[in-house]
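Across the two complexes that follow, chain A remains constant while its partner is chain B and subsequently chain C.
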Partner chain A sequence: MTIRPALRMTIGALTCFAILAVFLVGCGTNNGGGSLKTDFGVDTSAKTISLGILTPLSGPVAAPIGIPLTKGIETYFDAVNASGGIDGYKVKLIERDTQYDPQVEVSDYQQIKNQVAMFAESLGTPTTQAIVPLSANDHILVSAATLDSYLAREPYMVLIGTPYRLQVENAFDYIVKKLGVQHPKTGIIYQDDGYGQDGLTGYKEAMACYGLKNVGEATYEATDTTFTAQAAQLKASGAQYVFLTAIPTAAAGIIGTAHAIGYDPHWVLQSPAFASGLLQVKGLNTLLEHEAWVVGQGAAWGDTSVPGMAEMLQNIQKYDPGQQPDGYFEFGYTEAKVTYAILKKAFDNHDVTRAGLLNAFNSLNNVDVGGLYPTLHYGSAPNQRVPSRDNTVYSIDSSVAGNLKSLSGDFTGSCAEQSQF
Partner chain B sequence: MAYFIQLAFAGLAQGCIYALVALGFTIIFKSSGVINFAQGEFLLVGAFIASVATFEWGLNFFLAVFIALLITVLIGVLFERFALRYMIGRPAFAIIMITIGLDILLRTGVVMTGKANERPPATPYGIASGVNYGGVHFGENALWTILVTLICCVALYIFFRYTRYGLAMRAAAIDQEAALAMGVNIRLVYALAWGIAAAVATIAGIFLAINVTTFDSTLGSIALFAFPAIILGGLDSIPGAVVGGVVIGLVQLLTQGYESHIANFVGIGFDTITPYLLMIIILLVRPYGLFGTRKVERV
Partner chain C sequence: MSNATSKTTRSAVSGFPSTPLGLLQTARGRVLLLGGLIALCLVFLFGGDNWLLILNVVMIAAMATLSLNILSGYTGLISLGITFFMGIGAYTAAWLGGPHPFFPGDPVGLNLSIFIWLPAAGVVAALTGALVGPTALRLKGFYLAIVTLALVFIGLYLFKNARAITGGPQGRIFPTPSFGDLSFSSPTPVFGVLLTTNQWYFLLLTPLLALMALFVHNVMRSRAGRAFQAVRDNETGAAIIGVNLFQAKMSAFIFSSFLAGIAGALWASYPGGYAEPNTWNLILAIQFVAAMLVGGVASVWGSILGAAFVFGLPLALDTFSLIPQSTSNTGLTSGDLSAILYGLLIILFMLFEPTGVIGFIRRVTSLIQRFDERAKVKGGVKANASEPVELES
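The block that comes next holds the complex of A and B.
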């Protein structure tokens, strides 16, 4: 049998078309109402979208931070799934324990990156830093549970809240502009790592902005077990206000030691430097309540006049009834709201591929988190990726839920307003 | 001057804690030739049990310390009895790995209780207790740390010098086979060494926890600073462990206090490396440490 050339060309063209059609079907699937483009982590038959969680579930950071923060994310998505999911797609969380170890984080990331559409949590500065180049290479969005400023310059990193650097600037704005203390003698004690350097950068910018009289700087290692040198150094300098970019145990050691050697300045704690557990220490609790402030963010726990807080408390009753007041839970819950906004936008655009998710993130503009945090802003340039620049200065009060009481209300200082990323 | 004295006093107290940790290393090494990498975690477990006994069980401080001592000594003795005893004659590397395993087990055990974060220490006095003289604060915890370390040193000296078991331990340290031939119970010697090491680590842990105001499961990492102390003093020398610990504590605190004056030259965090720098310098001059025994082998 012979086939005429014209017919042969037609068969060839049809075959090519069929192959192309099969390829296109493989790349994008139909979602009933319109074509939904998908690649990693989306199961169109089971109607699920998988998100990765990289968090310490064991080790010293797990109990105070990792576990409550992750529970916040779980609770939020439990509620989302119960109300039908996102455009009918249920959210599935794939969790891995990083032990707060950058090497374990990288290994966990590599294990699950092809199973997830994006990472809904990567907790910690050193751990997240370890996966920044990987996520850029894999074009995968990562929601970072750290406020390290430099992440704002990384296009695949999603920040939640005001970076550490701006926290310091806002704290000194409160002292100089709100309290009217002119040219205060100030000092800083910071952890000798990336977290501490971010605090120090903010402190130096604040010095220039507010005419602070910097009289003392001291540093400590995360493994230090004595703080006499730092306390004695700041005592000798005569600083009236001392900023602490520290972890809770170090903050407790510094404040306690300084008090013992007769030095009681006003301490201003970076948000991660405070933990409610510090109030259990006899003597230290009084010092914290009388001589320390915390600069941070977030609605007061239990304040049901804030819609987001009322919603969160309702969801806690339904999905995690044993949860105690915890700022990290609130952070995780807020973080999940931002992840939801990215996913929702991507579903609305009918594109939940990694490129589609990045596009959705870059075009988010404002995300209303129901007042849990101030409205968060996002965009494609580094300055636009700083989600907020405002903070609240809190006093420490063991009689209120969450142990923090707002002194300043939410505000953005002039220095933080102008700070460039 | 007050600034210098404040730093020196704190350095002396911190050095005493290093000395107690170093003593534990040295006692085990002298009697069995094993470097116990779990020594730091004995310190954590001791401080943790004392804290739990005080705050969760509502016990008196001294009773809490007694219970902590009892439990850590028991852990040390049982570990020697049921793990190390089967390793006699095995390569030193294998024994070291087993002590690293114990280190991980103890720390994980504390973490798994879920009560190891921002833990308040068991303490009989307030955070500012002490006396002020000439602009220097002599903290009660630091004073007790120095005094108790002295008492421990004297007690250990009397034990090793004048008691039957002390003599047995010294004999086993010099020549195990000869000691065995003379009827020394080597198993008892090992058990005693582990028990004493666990006890001094617990005492160090309780003082250290009070010193840092709150503690977590990383408390045992202080053992890293006791290593230069024992190497500097001489791995097999008990007086060397004490002198090494005190020297390291003093050098570290004084460097911390004055490094900001030479920050342009040395940068920040110089105090972290000074113990190791000092150790290297001493070893270049005296390869067996300040008080270590020079090994002479017949070839």
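The block that comes next holds the complex of A and C.
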């Protein structure tokens, strides 16, 4: 082989490449639908608006969180469609299984981004973080099923509820101010990723605000299956209250291991650390009911005095009759209500383009979710994009629907009130 | 491993060509190459974002697998530390090319051009390789594997704690290539034609991978490359014939780290432009080892095919799966199917084709060649046999 044919071939191929490239027809439309301005995901002839769902439908996060949360969104929009849709437009959900893997999430996002007006769900902190720059470049709103406070800085991210960081602060406000425990010996075990860091940031702010005596901090990897080192470290520290920024399987492992080595502090679980399924584990259920609290949000399941809950239960009967009481379902249903509010405002403004949806989101101000969550607030600055700062501390009780019983009522601690984003 | 790789190298002489340019040696090869290039053009123009995404990921993974093949395939130094060097490259790129901090506490970024951050990613990774090399290369075999494994964990610790550069466990934004006013981050027109982000990356990655593959191929045929392979096949023998073992190993380590750094910068940049320290974990390192083994050890083509198999196949299965992705599907999910098929194919390859995809292709090529030769011989015999008949008639 001589180099000449090789060069000739390469130059020929590159020329072919360049010539063909010139014929490429770009995409980018601005369909006119009467006076309604539309671009992606809106079919004016079929009268549908498509929304993307990025959620784990397989893998360990699917059954306890991904599936019930997504069913909450589906149920809400089934009801919306049955009552005529939004200004006559039916909502169509395009779902993709992210497997809770950031790389798969990005691939899924790329696959469907041009088919949807916005994303009605992106579940998980590391997965959602992976699409933050993309959503900013594509000017597409993403409703995040994660409460990572960092996302409040991102103009295209829609948070639902009180961020993790403030959850931790409110939990210690309850212990110090409501229960009157002065300078408690405390510790934290957190997942070694963005989710865990948010919990740790809140813990450090709480230490300064409430004079906590921090005696131990331990971390674990999301893939860990044994937690002996963390449990032993916290036992040695003598912490009375241990905060867990974890996922349910890890929380179960940590609490069970600590008990096995004779350490039973009072556990305070970040909202994603608890799932009703944990109560099916014999032995663990007793520990959880006696030694653990959960800090979270949301109306008690079955409390029909809350209008949003009554409406949700009716819709469950119609569209998803097999659904068991589940906090993640309630979260998804609430999330869908916020998405609906954005879409409704955009339709009212006759602009459901991506720019129109962003404008609608920025001008939402308050969203009443029927008491399922406290009224949520939105705006265009980071501090305004924190939708709420209040929480409820719950005990775990398998005898009540949803397995959570309010201890504190809904409140905002002094530290959470002042936190800046 | 050395016997297997020696066989692979030998078979490369007669069977499947070892680089794309090797295809120019035969008419069939030229047709194949032209067909391949036309296919690439078609994918570029009409493949859409789904196919381009898969191809782009495969091309970056192929660069990383190529870097691993230099060290483990050609030089015989088993390494699990590739993600450490990829991470070093990625964070160098992020520091030099990343955006300026917007909020207090945001990681630093100097917002420099790709002409600085991409080569710098390779250079800093190579320098890091030069620093850790002398210690690591005192060992070989499994011991070296363990030391390089430790690098992955040291890297994870460093990346999680060097917050000013890496963003800590929260991760950070990585630079997107841009040339003056032209940025890959959003669809940009060129000569009146709007090209998508994935198309821009495709235009960058295709020639870059081709150049890397050609460069590695040429190096492996040079004096230095022969020294690498001599070290792999028999260290004592290599020393006797005058190969400076330390120099050869260090060169391979630095060369491999350089390519890994560049691959890392691109891996973080595409497709999301965001990565957290856990990205550079052991599982990813093992995937690159699997790509090298499945594709073919000590082979440029093997690196590309292995990356396509290990990184492209699951993405393709997931993207084009016939199983609906919905909460109403309570049986086998698309993700489950992808994982099962992927695992099954790896087992089948290891059982029935241990020389990898490249070995399989070489076998098929060799069979076709033999068939051709037989046909020619038969044709010759027939022609010879028919001549007298014609004469008689």
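Please note the rule applied: the second predicted complex is superposed on the first by the 387 of 421 C-alpha atoms of A that agree within 3 Å, B and C clash if a C-alpha of one lies under 4 Å from a C-alpha of the other, contacts with A are read in each partner's own complex, and residues count from 1 in each chain.
Note that in this section a residue touches a chain if its C-beta (ideal position, glycine included) is under 8 Å from a C-beta of that chain, and two chains touch if they have at least 3 such contacts.
Small disclaimer: the values here were computed from a predicted structure and weren't measured.
Using the contact criterion defined above for the overlaid structures, shared-chain residue A:R153 touches chain C, although it does not reach chain B. By the touch criterion defined above, A:S58 lies against chain B and chain C together after alignment on the C-alpha atoms of chain A.
Judged by the touch definition given at the top, the superposed model places A:D97 against chain C, while chain B stays out of reach.
Once the two structures are superposed, chain B and chain C can be ranked by residues of chain A touched, with C on top. Judged by the touch definition given at the top, the superposed model places A:D351 against neither chain B nor chain C.
When the two structures are aligned on the shared chain, A:A130 is found in touch with chain C, with no touch to chain B.
Judged by the touch definition given at the top, the superposed model places A:S107 against chain C, while chain B stays out of reach. In the superposition on chain A, contact of A:A236 is made with chain B only, not with chain C.
Look at A:D192: by the touch rule set out above, it reaches both chain B and chain C. By the touch criterion stated above, A:H259 is placed in contact with chain B alone, chain C being left untouched. Residues 58-59, 62, 192, 221-222 of chain A contact both chain B in one complex and chain C in the other.
Residues of chain C touching chain A in their complex: 21-22, 24-25, 30, 33-34, 37-38, 40-41, 44-45, 49-50, 53, 57, 103, 160, 168-171, 173, 176, 185-187, 189, 191, 193-199, 203, 271-276, 278-279, 315, 318-319, 325-327, 329, 333-336. Those residues of chain A whose C-beta lies close enough to touch chain B in the complex are 58-60, 62-64, 192, 217-219, 221-223, 225-230, 232-233, 236, 248-249, 252-253, 255-257, 259-262, 275, 277-278, 280-284, 287.
Within the complex formed with chain C, the chain A residues making contact are 1, 5-6, 9, 13, 16-17, 20-28, 57-59, 62, 67, 70-71, 74, 95-97, 99, 102-104, 106-107, 110-111, 114, 126, 129-134, 137-138, 150, 153, 192-194, 196-198, 221-222. Note for the complex: chain B touches chain A at residues 3, 6-7, 10, 14, 17, 55, 108, 111, 114, 116-121, 123, 126-130, 132, 137, 139, 208, 211-219, 221-222, 224, 253, 256-257, 260, 268-269, 271-272.
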